[in-house]
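Order as written gives the chain letters A, B, C, D, E and F; numbering starts at 1 within each chain.
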Amino acid sequence: MRPSGRKPEQLRDIRITRNYTKHAEGSVLIEFGETRVLCNVSVDEKVPNFLKGKGQGWVTAEYGMLPRSTGSRMAREAAQGKQGGRTMEIQRLIGRALRAAVDMKQLGERSFTVDCDVIQADGGTRTASITGGCVALVDAINHVRKRGLITNDPLRHLVASVSCGIFGREAVLDLDYAEDSNAGTDMNFVMDDSGGFIEIQGTAESKTFSLDEMLAMTKLAQGGIRELIAQQKKALEMK
Amino acid sequence: MRPSGRKPEQLRDIRITRNYTKHAEGSVLIEFGETRVLCNVSVDEKVPNFLKGKGQGWVTAEYGMLPRSTGSRMAREAAQGKQGGRTMEIQRLIGRALRAAVDMKQLGERSFTVDCDVIQADGGTRTASITGGCVALVDAINHVRKRGLITNDPLRHLVASVSCGIFGREAVLDLDYAEDSNAGTDMNFVMDDSGGFIEIQGTAESKTFSLDEMLAMTKLAQGGIRELIAQQKKALEMK
Amino acid sequence: MRPSGRKPEQLRDIRITRNYTKHAEGSVLIEFGETRVLCNVSVDEKVPNFLKGKGQGWVTAEYGMLPRSTGSRMAREAAQGKQGGRTMEIQRLIGRALRAAVDMKQLGERSFTVDCDVIQADGGTRTASITGGCVALVDAINHVRKRGLITNDPLRHLVASVSCGIFGREAVLDLDYAEDSNAGTDMNFVMDDSGGFIEIQGTAESKTFSLDEMLAMTKLAQGGIRELIAQQKKALEMK
Amino acid sequence: MRPSGRKPEQLRDIRITRNYTKHAEGSVLIEFGETRVLCNVSVDEKVPNFLKGKGQGWVTAEYGMLPRSTGSRMAREAAQGKQGGRTMEIQRLIGRALRAAVDMKQLGERSFTVDCDVIQADGGTRTASITGGCVALVDAINHVRKRGLITNDPLRHLVASVSCGIFGREAVLDLDYAEDSNAGTDMNFVMDDSGGFIEIQGTAESKTFSLDEMLAMTKLAQGGIRELIAQQKKALEMK
Amino acid sequence: MRPSGRKPEQLRDIRITRNYTKHAEGSVLIEFGETRVLCNVSVDEKVPNFLKGKGQGWVTAEYGMLPRSTGSRMAREAAQGKQGGRTMEIQRLIGRALRAAVDMKQLGERSFTVDCDVIQADGGTRTASITGGCVALVDAINHVRKRGLITNDPLRHLVASVSCGIFGREAVLDLDYAEDSNAGTDMNFVMDDSGGFIEIQGTAESKTFSLDEMLAMTKLAQGGIRELIAQQKKALEMK
Amino acid sequence: MRPSGRKPEQLRDIRITRNYTKHAEGSVLIEFGETRVLCNVSVDEKVPNFLKGKGQGWVTAEYGMLPRSTGSRMAREAAQGKQGGRTMEIQRLIGRALRAAVDMKQLGERSFTVDCDVIQADGGTRTASITGGCVALVDAINHVRKRGLITNDPLRHLVASVSCGIFGREAVLDLDYAEDSNAGTDMNFVMDDSGGFIEIQGTAESKTFSLDEMLAMTKLAQGGIRELIAQQKKALEMK
């Protein structure tokens, strides 16, 4: 029995609110239960140095947690003068995941920066960031397309992400914080709308996991990501 | 005529939402029109070194803007490795203002950190931070009082803040971004519920201002702050 | 009765020594009683990026205290790897104040950096920095004019600054450290030679201040700044 | 056909040299083909603050590349003033992997720091770091045991790591740099000597990967890690 | 013929002004010609961690240049967020030199920090810093002795420093900036009042130097340091 | 009698291994007894800004110690966010020494960066770095010459370095760590193959040194450097 009372294969309530703030080219508040992440995408009409003159665009991500998005206050990274290892790890993951969603050649020489800022954390902030960031990225791309600056659609796939874990010997989907703290294994999946794997990261916490457990989690993730992509499509009014 | 169509002495719509996030001891979303600031107060059962053993508490503040809270994306301070001068100036101001609201002796040896994070900026983020931060601070103090750790009420005064400016030769209250960008002078006031001044900061932008202009702005601020404190009381259900 | 024995409206002894060091285009040692600040102005034949190609110049300031300019040694900011919030706040104020003194269009595309370094601190280092920095800036501008690189005089106004406070219920002018530490309110004024206000910053320390107190301090400041500007003119041999 | 000419399931030549330097309590040079990493373990008779008084030890890791361990020189992180995101990601992975090897309770209140410094890089530096770091950690633990400070053996399992990839539609084991640069997917495995999974990280590079591909890579990894653990045992002269 | 018109063995005019600022326990302005360095010594009643409980004191130094102490403005190290290599090199040299002047055991568990800040640079700032810093250190030690906290005199020797160079094939003493820029070799000497060498640093600039040249410079330095120590004694009114 | 049992004028065993790693244009492992330093030289087809367009090249050096190259672990400078003063001092010395070896004009507009990383420290890491770095620099220059990018030989001199000390009243050559820790004076010499002095740095440790001692050390250094240059030539197969 999960602390949340959910069935093993059950996602938390997912809410996707587009146009959450007014300045960004794409702005989405995504909620995975009580986890809330604001994903703002900004378009910049230039690319990093290593891409200059190559006729392609770029997608990158930054991640942050508001100091009191968590149960006890975390020090503000800006005040400490550096981003921690966990922050770097997560923002690199978000960037890789979202680059898999688009065809860089079709973006033109411009950059899309996806800022994922955690307003409230309750487990799964990185998976929510990827799932919400993808919707905001689509909005930002469409914003540029409406201005006629991009002609072919750069979107190759919708991309979503979910976590799984082994909780009390059973594989469960979409861990909240109470479950995550007690799970024996934590595994994050990123997949696209054709069912292909983009990223898998599994970490044993207190004890190692077996191939069977890995397969059970993978199967749950496949179902969960299908649901998340359905939610993305609904939010974006895609058929 | 103001760009916003407001009368010179008219505040923007003010909205104060308490308990906006679930972890913080005090959590308030304050909106001054389209400016939205999340004020979270965290209680820590210790004080900075310079206060250890003095039998009193401390109130401090940190301020940040989400990278795309503004019209064009600002670099993330955590990624740049330092807080800018404007950020430091503002968070020092918020801290001074809110320390004036409470009796440090009554807090006990504990610290209250007020995190003001700007979700969306449209002028007046520092005045909204102080006004919303005060409500969140009251909630956090009451949270500690309910647990019986503080017996006498440390709250001396409610504190609020508003800006004024000289727009087209006339003093106007509570500048939004469009007005602020074109105002000849920008003046921020912090006052308490007994009408005392806590902080005044006036800056000439394109031309100097006169004593008469200063007095006209001061008069508008007095009225505006009365209204803001009424809103704070209503939100807090104080009589 | 003030600790210094001065009358409420009495400035400390002001001394302005031009050409204090030999390398800078403008170099002034200013003394407000025992407070001594060295103001060096450097001319650079380029402007910051945001002004490139706009046909105007720039004035900026940096501020620092020698580690033992104060009663107890302060850590050296260079060794700590960052400038503190107070330093940033003050150097931003000095920059804004001195930009009000000149017509940027007449400077040409060049920058004037005003370095204010406190040799000995006894209260009022920011007001001394502004007052002395203005004299050094005039010298640096004239240095460039003599070389024929600027034709019209960019100087619009002399600018000076002074502090006031409420000491024992009475408004007093130009606080020294002993007075500042015990004053109920600290208020800094920046004005120009036509009596216009450039900046006002008033902070309540132990208790709030009233409108009457603010007006009493403002009146003292107007008189003090008239005297300081007279001293600036005398030092510069302006009529 | 792999660029290296190896069979899909073939590791590179593995060499493990113990006591490579003289100061460290454990010092191992590990070579995966032309990749060479020096793993030095240092014992410190104290634990981080968050573990003080809990009667257990700690294992942590740091990772670095010599500036010219790579084909073109990388900037020295010490000179740049910070560790990059990739460095942080890798050293966090090494630390997690090696903590799974030992029983923290049996270490006593002391820390083992595993420094993995890449002398020459040719793909797989993180997997070599984990595999070599484990041998050095065993040596360091035995060093402390010989001094009688640890009585029960804290070693629970040997831990090793290897990468797999999809190269030209086929799963291959232990990618070198030429293969890694052209592989469609890069997947790193950490396992222990009982066949349990400690960490899995798979990243699609140019295209997504399928469940079948993931399983093929997993199978190769299981075989590779068995071989690596055999090499570790041989080097350690364990039966 | 030297640019300065001085004879090869002639020092610049040396001026030593004690009690230059009022807060420091020792405060000396030293001038070597147009080079002016303010040396302030601060006493702190504790020692660095590595000396705690060892019953001895410590002497350390920090060095800085005001941004416009030089011909063209140098960036402020505090604003850049770090001290440069030259600064570190010099402050380490000053610290080593002045530690040679005192018996650490006699200082008690307290630290003397010597801040050397260059007001105006014209060559030889490090040698002036050592020479002036020694006088300020003596004053600070005597300040503590007068308060009865140190009983035996910790001063072992006066220490002074001077540079020499090869200018136009001839050895010359105490290079000013014009000479230093054109000298083939730059050699700094630190010696004590008994003629012992504390530090020698010689650097070939455009061509190597010979043993004969080294000896010629050493001889000049011995004479120069005798004169500097005589000046120190005179300033300190030592017989 | 020296702790090492060597005669006063006896170097440790010197080993110079070229092509130690495969990526760098010059890669030398140098061993002075148990001190081992890896010297990698990287060629970059551009020069620092201050040399752009001047038709000459540049040689610079960086120095680092692996955290456990020493008896007790030193904090990793990359993790601490800055290079320490000792590191800066040493890398500046190496750079100056090696620039004396070449004719910058003949290098063309390209930079040679000499990375000296200490694998194992046992005294004399800076002298080993210079001596080994020179061999690696020659290899890197020849690498560029073979590609036809440099026509005239830029090498003016081989450069080597050795330390001397006063150990038990006697001058001794090439101190190892045990000797260095107990030597009364530590003196480092850099010379070229024509016997000219490039750099001399002598530091008294517990007591001052005399001119006679300095001369005795200088004489030992001359002999030692002759031997080191013979070893460099042998390693480089120069006649």
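Methods note: contacts are C-beta pairs under 8 Å (C-beta built on N, C-alpha and C of every residue); 3 or more make two chains touch, one makes a residue touch a chain.
Remember, it's a predicted structure, so these values are computed and weren't measured experimentally.
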Original post:
Between chain D and chain F, which partner chains are common?
Top reply: none
Subject >> For chain B and chain D, chains touching each >> reply: A
Original post:
Of the pairs given as D-F, B-C or A-B, which one copies E-F, with over half of its contacts the same by residue number?
Top reply: B-C
Original post:
Measuring between mean CA coordinates, which chain is farthest from chain E?
Top reply: A
**OP:** Could you tell me the distance, in whole angstrom, between the mean C-alpha positions of chain A and chain D?
**Re:** 28
Subject >> Inter-chain centre distance, chain C versus chain D - centres from mean C-alpha coordinates, in Å >> reply: 59
Subject >> Computed distance of Cα centres, chain E from chain D, in Å >> reply: 50
**OP:** Would you give the residues of chain F that are in contact with at least 2 other chains, written as numbers and ranges?
**Re:** 81-82
Original post:
What sequence of chains forms the ring when you start at chain B and head for chain C?
Top reply: B, C, E, F, D, A
Original post:
For chain E, which residues count as touching chain C in their complex?
Top reply: 21-24, 27, 34, 36, 38, 40-42, 44, 62, 64, 66-73, 76-83, 87, 113, 115, 117, 119-121
Subject >> In the complex, chain B residues that touch chain C >> reply: 82, 84-86, 88-89, 91-92, 96, 100, 187, 191-192, 194, 196-204, 207-211, 214, 218
